[in-house]
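Each of the two complexes below includes subunit A, the first together with subunit B, the second together with subunit C.
Our next item is the complex of A and B:
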């Protein structure tokens, strides 16, 4: 997987988030402050601009650029959280031109750690971690089992989607939704939903 | 001593951060270095890493800077800008912590002492 692969991933994220902007904002209106879709769409629109201003040479450079842009341009909590995810992915991949499934799985695990450290969230708190953590595990076990990248990414996407759906019955323990207490039950977490979209966009 | 510890108030709202900073400056006096970083760059509710960085640069006199966030993304973004020993976060009530930090900083206290003065604000009783 080279810079072309990762550029295609980011472009697919931009496309999918634009399509799902209103759905994410509706999910956020139920238990948050109704800006998740708009915030992410704005952030990734700036990412598109940044990528065309300075086209990155390596996967690491690209993902770092994505992270820094999200931190600067998204006004809500998803900015620093997704920002650290992508920045840490970029940092872990270093200046490699070509990334193996092993590298990606390891980088994803480290990036997940940096998100959980920043947000102090664990699985079951009804956050993006509920989609990202199963995806990270799926990538790691696929790498260990020697699967091809395509199949590994399929499994990661399925795991993230299942994880996002599994947030519906949970009561939120983090963020604006946690102020709602039991009333947060019965709604899919918008952060987990956007994470599932972001992971699924990695399909080759 | 070359300067005083700076204080940056990070809120989702530019107006809230601005007024809290004004209050803290008025109470702490002319020596206080308090800056506001509220809202996004286009004036909406939210947090801007760029505004916070600019506010840090504005109040930094080499003695360190205390960031006081309100909630949610303010806390997360502020945590990304932490630099141990130089730029530190205070987990304190927004207004009370801002005033306590500004007063202590204006009196020439070092970073650790300003932080602990801000943290004491958590236990002030109003009644």
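Our next item is the complex of A and C:
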């Protein structure tokens, strides 16, 4: 997987988030403050601009650029969280021109760690971690089992989608939804939903 | 949605342009998203910087001026500012004595201010922070994000701002800001939802006959829903929650705050009930504020914030202040 693969991933994220902007904002309205879709769409629109201003040469450069742009443009909790996810992915991949499934799985695991550390969230808190953690595990086990990248990414996407859906019955313990207490039960977490979209966009 | 806007995407920038035009004592950088005092930086004076999502006007930009904030960095609507904004605000007002960041306890605000503080420290600016978390509607435990910061933010900004204006060092202003936050409690009730311009419709549906109890300031639903009741009963619900957490005693600073869509006459109706409640508990309203100060766009509803005063706090509250939305004694 080279810079073309990762550029296609980011472009697919931009497309999918624009389409799902209103759905994400609706999910956020139910248990938050009705801005998640708008914020991410704004952030990734800036990413498109940044990518065309300074086209990156390596996967690492590209993902670092995405992370920095999100931190500078999104705000709220999703800016720093998604920003550090992509920055850490970029940092872990280093200067490599070509990334193996092993490399990607390892980088994803490290990036997840930096997100959980920053957000002080664990699985089950009803946050983006509930979609990202199963995706990271799926990538790791697919790499261990020697799967082809396409199949591995399919599994990661399925795991993230399942993880997002599994947030519905949970009571939120982090983020703005946590202020609702038991009333947060019965709604899909918008952060987990956007994470599932982002992971699913990684099809080769 | 019926709103006095040009475009849902440019509401914050357009409002900052208007703010700059209306208040020559302020400086506004629309591009950077920073509002600051024209006379800043002042050598040797501790600077106060606050910020948070837009939609809570006059908080925070309306409290920039003599005796209160030196700068504010408003984010997008209900979205905390990005680190660049906080850094820009901090650099513009640092007079060499350090900068105090006033942060409301929301995950996004905390993370963005923390990132900004790291960047400022790398540039040699002394930054301290205070976290405001006054909302008794929210359960505070090891396993949650903790209480929200709401109305007490204004008290912290005014009282610590007065101390900084008097020349106190950073550690002293920070200690006072923390003390005000620790002595303050709030509770909010919504009669209607607000409408976020970019979302285009009310954040939640609330029947004519019901209210949301224990709301924050972002149009998020509250802790529970209850039948609409008289101002007396609704004030009692809020005051019971406040009193149950920090028993009312002695001299109090009391704010009955509108959420943006409730007329002043109704806020005074509520204030009469709050004052009677406090008297009934053997305490006294020594200082008060009634009006729209920490709002939630066009939401109908109100919040009550109470702070336990002592002589020092009372003097600092009474000290002169000259900002677009809070002004006395000067």
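Here is the rule we go by: the second predicted complex is superposed on the first by the 204 of 204 C-alpha atoms of A that agree within 3 Å, B and C clash if a C-alpha of one lies under 4 Å from a C-alpha of the other, contacts with A are read in each partner's own complex, and residues count from 1 in each chain.
By definition in this document, contacts are C-beta pairs under 8 Å (C-beta built on N, C-alpha and C of every residue); 3 or more make two chains touch, one makes a residue touch a chain.
The shown structure was predicted, so the numbers you read here are calculated from the model rather than taken from an experiment.
Asker: Kindly say whether there is room for both subunit B and subunit C on subunit A in the superposition, answering fit or clash.
Answerer: Pair status: clash.
Asker: Would you check which partner chain A:7 touches, where first means subunit B only, second means subunit C only, and both and neither mean what they say?
Answerer: Neither: A:7 stays clear of subunit B and subunit C.
Asker: Quick check on the superposed pair: does A:173 touch subunit B, subunit C, both, or neither? Answer first, second, both or neither.
Answerer: second
Asker: Once the shared chain is lined up, is A:79 touching subunit B (first), subunit C (second), both, or neither of them?
Answerer: Both partners.
Asker: With the two complexes superposed on chain A, say which partner A:110 touches: subunit B (first), subunit C (second), both, or neither.
Answerer: In the superposition, A:110 contacts neither subunit B nor subunit C.
Asker: Looking at the overlay, does A:71 come into contact with subunit B only (first), subunit C only (second), both, or neither?
Answerer: Both partners, subunit B and subunit C.
Asker: Would you check which partner chain A:181 touches, where first means subunit B only, second means subunit C only, and both and neither mean what they say?
Answerer: Once the two structures are laid over each other on A, A:181 reaches subunit C alone.
Asker: For A:29, is the partner it touches subunit B (first), subunit C (second), both, or none of the two (neither)?
Answerer: In the superposition, A:29 contacts subunit C only.
Asker: Looking at subunit A, which partner touches more of its residues: subunit C or subunit B?
Answerer: C
Asker: With the touch criterion stated at the top, can you tell me which subunit A residues are shared between the subunit B interface and the subunit C interface?
Answerer: Correct list for subunit A: 35, 39, 71-72, 74-81, 118-119, 175-176.
Asker: Show me the residue ranges of subunit B that touch subunit A in the complex, using the header's touch definition.
Answerer: Listed in rising order, the residues are 39-40, 44-50, 72-73, 76-77, 79-80.
Asker: Provide the residue numbers of subunit A that touch subunit C in the complex, in ascending order.
Answerer: Listed in rising order, the residues are 25, 29-35, 38-39, 42, 71-81, 118-119, 173-181, 183.
Asker: Which stretch or stretches of subunit A touch subunit B in the complex?
Answerer: Residues 35, 39, 71-72, 74-81, 83-84, 118-119, 175-176 of subunit A touch subunit B in their complex.
Asker: Which positions of subunit C touch subunit A when the two form their complex?
Answerer: It comes out as residues 53, 75-84, 106-108, 111-112, 115, 135, 137-139, 143-145, 148, 196, 198-199, 203-204, 216, 218-224.
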